[in-house]
Each structure stands twice: as structure tokens, then as C-alpha cells.
Amino acid sequence: MSAVNTIVQGILLGGLYALYAAGLSLIFGVMRLVNLAHGDFIVLAAFVLLGLGTALGLPLPFALIIAVPFMFALGWALQRTILNRALTGDLLVPLLVTFGLSIIIQNGLLLAFSADSRRLSLGELETASLDLGALSIGVVPLLTFVVALAAIAGLSALFYRTPLGRTLRATSDSAEIVQIMGVNPRAVFAIAMGLSFIFIALAAFFMGVRANFDPSAGPARLLYGFEAVVIGGLGSIWGTLVGGIILGIAQTIGGSINPAWQTLAGHVVFLAVILIRPTGLFRRQ
Amino acid sequence: MNPLLQARGLEVYYGNFQALFGVDVTINEGETIAIIGANGAGKSSFLNSLSGLAPSRADHIYFEGRPVGGTSPFNMVKLGIGLVPEGRRLFPSLTVEENLLMGAHGRTVDRGWNLDTVYDLFPVLRERRHQMAPTLSGGQQQMVAIGRALMANPRILLCDEISLGLSPAIIRDVYAALAEIKKHDTTILIVEQDLTAALNAADRVYCLMEGRVTLEGAPASLSKDAIRRAYFGA
Amino acid sequence: MSETVPAPTARTVIGTPISRAAMAGFAILVIGLVAAPAFVERSLVADLVLVFLMITLAQCWNLLAGYAGLISVGQQAFVGLGGYCLFALIILAGVDPLVAVLLTPLIVAVASVPIGFVVFRLQGAYFAVVTWVVAEVLRLLLAQWQALGGGTGNSLPRTATSEMFALEWVSESFGVRSAAGREIIIYWVALAAVVVVIALAYAMLRSRLGLALSAIRDGEMPAESVGVNILRNKFIVYIFAAFGASLAGALYFLHVSRISPDAAFSVLDWTAYVIFIVVIGGIGTIEGPIIGAILFVVLQSQFAVYGPWYLIALGAFGIVIILVAPRGIWGLFSQATGIQLFPTRRRLVLDNARTSNQGE
């Protein structure tokens, strides 16, 4: 029964990784940009939530409601001011710019909040769990998974059923040709980055509630999200959820054998997947 | 006649490479103009600069008498300059209908083109509206590309090599559609390597060679010999 | 055309009068640097070791990104492997430290082949992140190696370093204690490493391979038309970069005599700083990383005490340079003056200027 429990925990953890991954996947799909500061922005958003909670005394869910539009605006502005300039067609430039941002954010957070580990508090909910016979499922992990599922379903609906989604897909196909349709691709990129930052805010909320974080926690979040994107298949929205789940299961199984192997097991499964199928398991046609 | 779109001394550079050397072309409202010329004569550079995809100086291109050169492509289309790009360039991950709807982004006025009227012009597209664009035949894809440009309700439609890779029967269909479009008070500029198709459709012809205009006139007034010289050089 | 005028003959040359003068200058500089420990302060020797190691790393990264188009954010994998390989050879196998320094890059270069097979599965930006994952895997694995201290790391035993090859001779000739003598030996090996890496990198760039790589990178011609196997050549560059990075890693961790997984596989120390050096100095040139590394070590010694503020400034400076002057300091200088100390492009020269058009 503990094996089943491990797998269930892994699936639920996968929801968190899908939240890390969805924003990365979206911007790579639309503008072929890999944001190396993605994880650092998740940590930044967690500190924003922490700040809203402590400074304004807001309950955490309300802090999230404020943080979501704030993060959207931050992503939008980041794209408009810096990242659009970096999309010169040379792969090196956006990678180095986001790598530089990663260092700036980590050290900015270090100055503002010190290197101490923090945690977001949801009160009694954190320890609550549902007992299903031999299985015991934490409410917070379950909530994480449900929100991830809903957010990804929402993104998928936006992408495939709305005019904005149509424009995002067309821009992904050709940023040059959308221009002669009357679309400014840079404006589309800014919206895509804003959407990516909504996922960052959601990811930050659940990351901070589930585990401790500190200013240096970003790169690991980037790698988990990236691994989920690649395992699930580049360009596939639902693939990020599948990739996240596979990564989550790999980590919980590894961690149940030896706690020191949790992260390692996830990385190893990722490397195995790219050796076998470098295009991921669910690549969009 | 009322000049709608004009190139005056148009020069186009790609880095150090000069593609056009002072091209003068006037397109009057309601005309169908053909630009002919061999590969590399500068035809696509000319069309791309008119649609904003290639860089040009403001005072090299005039639309309704206003200098518009160097305007970004997404604003050019809003002025009323629509482009059917070479190679069709449909959005492969969109359906036929979604491709057409993308064209509506550049729409600023209603000149009668919408999904219904485009489907009336190309009935086969109505049947295939929910198919993904790459699953269509070449001729059908060309129809989507033309329809997509029409969805912006342009004053002038720029068509780049629309007969490329199509069978003679399909080329006839496509040009029949152009004639229909012209009846909607739409000015048309076609760039063609297919001389017969171009000369049949056009009111006036310009021939480009090595980035310069070498011949201009109504098709009937031009001898085959003159065209050959303008096309290939002496 | 009369028969007495010979037909014009053309040949390609790479060197220029300035570059030949620069070669001579560099030769003199290297000789001076070899002798430097006899004259300069011990702290300067330590700084120069750092400069040499950073130039070595920067040249390797520059070859990867600037020439082969392989953007890695995981070169710390090979620096760390170099350090751990060195410690394993010294502590577990009892190899002389100097011999271990020379063996390490060979061993790591061999190890980089299977690693390359994994990371080359993905391209472009994804390649970059996979290299980082691999470095993390190595860090986590080596943290499990209890014989080398596990997660907390290990120090070199005093006996191992005090019996280093040639140490006695150096200490006696320079009249210094054994710790300082050890530093001098490391200094010389680091100097040799940087000279060898620059020479190999320069030779690689001037070769047909280098020419083909830059043509492909600039999109001037498709790889097939040059007749080169582009993937194989990128792989060769990758292995070379692993070789150089592990040599730098071995020397660094011998220098500090202490290793831990976090220090050995630090993305900040071994990749972020190195990228900064290459970008500031000028990517795609031999001169750029040298200038960048000297500037970096000066900045580091002056401003590192400001900690996070220093790193924020470094990150911002790097972003501004890549957006505003992507060819870096040397690129700006070279563009303004036309001077190249290490030219890599071939120029066509017509031997009979009288009959030629003087065209290039």
C-alpha cells in the first residue's frame, strides 16, 4: 500500500511541476525563448506573496488575488522593456539576458529578505488530510493538483478556443507573417509573457505553502519545470502536466528509497527520456 | 486617374546589398498592375517594401499622396495595403477558418469582405473550413492566402507569385478570382514569372531587371521583342 | 596581355603585420610571466593564477558559444569533475599532485564523450539547460561519494601536497617556504595551461574546421556545402572545452586544497562569471576573453566585498553589453581600429598587384 501512496504523492507533486512548466512551455512555444530566470521569478513571486501577507496582513489567498495581476503586469513590462530587445534571432542574446536577470533577482532577494528559509502559511489547512482507507492525501497537495489541472485546462481553452489563443498560435507559427495580418508580434509576446507570469504566481503560491524556499531556490525550480516540459513534449500544453507527473513520481520513488536521491532520480529519468525520445513523449504534431 | 500607391525613386538595401535602384511605379485606384521580371530582378524586394517587410525610406513610398515608406507591416495593412506573400505562408497549426480570421486583424474599414463573402468567392474553402491548413492542396492553400488578405478589406491587394507551383487549370481559377476581386473596387498588384497570366490580367505592366524598371506600358502596346529585351537584357 | 607579365596569382593569408608583431610581443610576455614569481609579490602570483584559470575557462566557453554555436550553462560540470578527479587521484590513488593535474583533463575528456551523447540529444536553448541538469546530476552524485567527504567535501592531506614533484627544488631556488613554492608550481602550470589552450583554440579556429564552423554559424553557407560533418566538429569542440575546463578545475582545487560539491559545481563561479568575461571582452575572438578575464579579476578584487550589490551590478552590466554592444570591448575596439591580434579569417591576397584589380 505504501507503494501506491508513493505514486499518489508523486502524481500530486507533478501538479506543482506542471505549474512550473506551463509558463515556460507557453513562452517557448510563442517566441522560442527559454527564460533562464523562470525559477527565480517563481521565488520572487513567493516573496511578493510573503510580503503582501506580512506587510498588509492579508490572508494568503487574498494575497494571491493581488499577486496574479501584479505578476502579469511584471511579465508584460519585462517583455516590453528588455526581452523584446533580446529577441534578435541570435539564440545567445535571450539566454544571456535571462541568465543575467536570474543573478540580479537572486541577489536582490538576498539583500531584501536575507538568506533565511521562508514558508507561506495557510494555517490549519497545511496539515489537514483526507483519509481514504490506507491512503492519506494531504489537502494542500490535492489542492495544488486540482489548481494545476484547472489552470492548464484554462490555458488550453484560451489557446484553442479564443481569438487571443488563435493569435498566439499564429505568432508561434510565424512572427513575420502575423505582421502582415496587422498584428504586432512584440505586443503578442508581451501578453504571452504576462500569461507565463500568471503561472509563475500560482506556482509560487503552492511552492511556498508546500515547502521552504530561500532566494537561491530558483534554478532548481527552473530545472524541474524545464524537465517537465521536455518529458511531456515541446509545445504540448497537456504534455506539461504529464511531464510534471512523471517527474513527480520519479522523485517520490527515488526519495522513498533514499531521501538524498529524490532530486537525482528526477534528473536521471529526464536524461533517460531524452536519450530514448529527445522530442518528448507527447510532442504535438 | 487617382494614384493610390506610388514608389518614387525606391531604393532597398539588405545590409550592403542593394536590391532596388530608384524604382518609380504608380498604381492608380482600380487598376490591375503586373510586375514582371526574371528571378532576382527585385520583384519580391519591391513588394516587400510596399508591405513594410523590407526597409525603405519614408519618402520613397506614397499611399494616397502621403509618405508611408518604412511603416511597420502591421500598420501598412491597416492603411489598406494587403499582401499575399510568396509561397502562401499559411499558419500551419491553424484551420482554414482560423487562417482567414487572422486576416481580419488588419481590418479598419468594411468593404464587404468577411468570412461569408470569402467563402462565396472560394466555395471549396467553406467545405474545408475546419481542416488544418497544411492538409489542403496547393491551389486551395493559395485561395486561403488570398482570402486571408481580403479579410483585412484592403484598398490594394499585393499578390506575390500566386501561380507558383500550380497547374494551368488552377492558375485560371485563381486569376478568375482576381478578376472578381477587382470588381469589388480593389486595386491589384501582381508579381509574376508566368508572363501569359500576368499580361492577360493586367491593365499595365512594369518590367524589372537588376533592380531597375526597364519597361512600362499596357500589355497590348508592348511587342514580344520589347518584353524579351526588358526581361533578359539586350 | 603581353607574355612578359606573369598571370596574377592569389593566395590566402591569415596573419597581418600587426598580428605577427603581436605574436612576438606575446612570446616576450610569456617569458616575462614565467620569471615573474621571482620578482613580484605572492598575492599578485595568486591573482595571476586566477586570471590564467579564468582565461582558460573563458576561451573554452568562447569556442563553444562563439564558434560552435553551443551555448552551455553547464561548464561547471567539467570544472567540478576536474576537481574531484584530481582529489580522487591524489587521495585515493596516491598519485603525485602534479601528475594528477596532467592526468585529470585526459580522464575528464574521455568522460565527456558519454556526457556529450546525452546533451547533444537536444539543440539550441534546450541544449543549454540540459548541460545545467547534467552538472546538477554530477553534483548530487559526488555529494554521495563518502570517501571524498560526501556533501561537506574534503581537504587535501598536508603530506600529499608537501611532497609534490619538484617542490623542494622550487622552494630552495626561490628561497621560499613550501606553501609558497607550491603556489609557484601551480602558477607555472596555470600559465602553461592558458598558453596551450589559447594556442590550441587559435589553431582550431585557423584550421579548415574553424573556418567551416564560423561560416556555418554566420549562416553564410549550409554545412553540407562545406563538406564538413557539423555534428562531429561540434562534438570535438565540446570535448576540447571539457578538457580545458577540467584542467582549470584541477588547478583551482589544487590551489585552494579543498573541495566540496557546491564549490566544485557552482554555476555562478564557473559559468556565470565565465560568460560575463566572454561577453564583456568580446565573444568570437581570442582577444576578448583575455581582456574580459583581466577586467573581471580586477573587478572581483575591488568590489567583491559588496557581495550581492556587486553581483547585481555585474548582471546588469552584462545585460546592457549584450543588448547594446554584443561584440564586447574588443569587438568595439577592433571595429574602430581594424586591429586584430589573433586574426582568424582568411584574406585573399593577389601577388602581382600591378595586374590585379586590387580587389579583396
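A, B and C are the chain letters, set down in written order, and residue numbers restart from 1 in every chain.
Heads up, the rule we're going with is that contacts are C-beta pairs under 8 Å (C-beta built on N, C-alpha and C of every residue); 3 or more make two chains touch, one makes a residue touch a chain.
These figures come from a predicted structure and were not determined experimentally.
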Next on the checklist: Tell me the shape of the graph of touching chains, choosing from line, ring, star, complete and other.
Outcome noted: line
Checklist entry - When all chain pairs are ranked by how many C-beta pairs they have in contact, which pair ranks first? => result A-C
Item to check | Chain at maximum distance from chain A, centres defined as averaged CA atoms | outcome: B
Next on the checklist: On a C-alpha centroid basis, what's the spacing between chain B and chain C, in Å?
Outcome noted: 53
Checklist outcome for this item: Rounded to the nearest Å, the gap between Cα centres of chain A and chain C is 34
Checklist outcome for this item: Taking each chain's mean CA coordinate, chain A and chain B are separated, in whole Å, by 44
Next on the checklist: Looking at the complex, which residues from chain C come into contact with chain A?
Outcome noted: 65, 69, 71, 73, 117-118, 121-122, 124-126, 128-130, 132-134, 136-137, 140-141, 143-144, 267-268, 272, 275, 279, 283, 307-309, 311-312, 314-316, 318-319, 322-323, 326
Item to check | Of chain B, residues touching chain A in the complex | outcome: 51-53, 72-74, 76-78, 82-83, 85, 89, 91-94, 98, 101-103, 105-107, 148-149, 152
Item to check | Residues on chain A engaged by chain C in the complex (per definition of touch) | outcome: 28, 32-34, 36, 82, 85-86, 90-97, 99-104, 106-108, 110-111, 219-220, 222-223, 226-227, 230, 234, 260, 263-264, 267-268, 270-271, 274-275, 278
Next on the checklist: For a test of understanding, state which residues of chain A touch chain B in their complex under the given definition.
Outcome noted: 163, 166-167, 169-170, 172-174, 176-184, 284
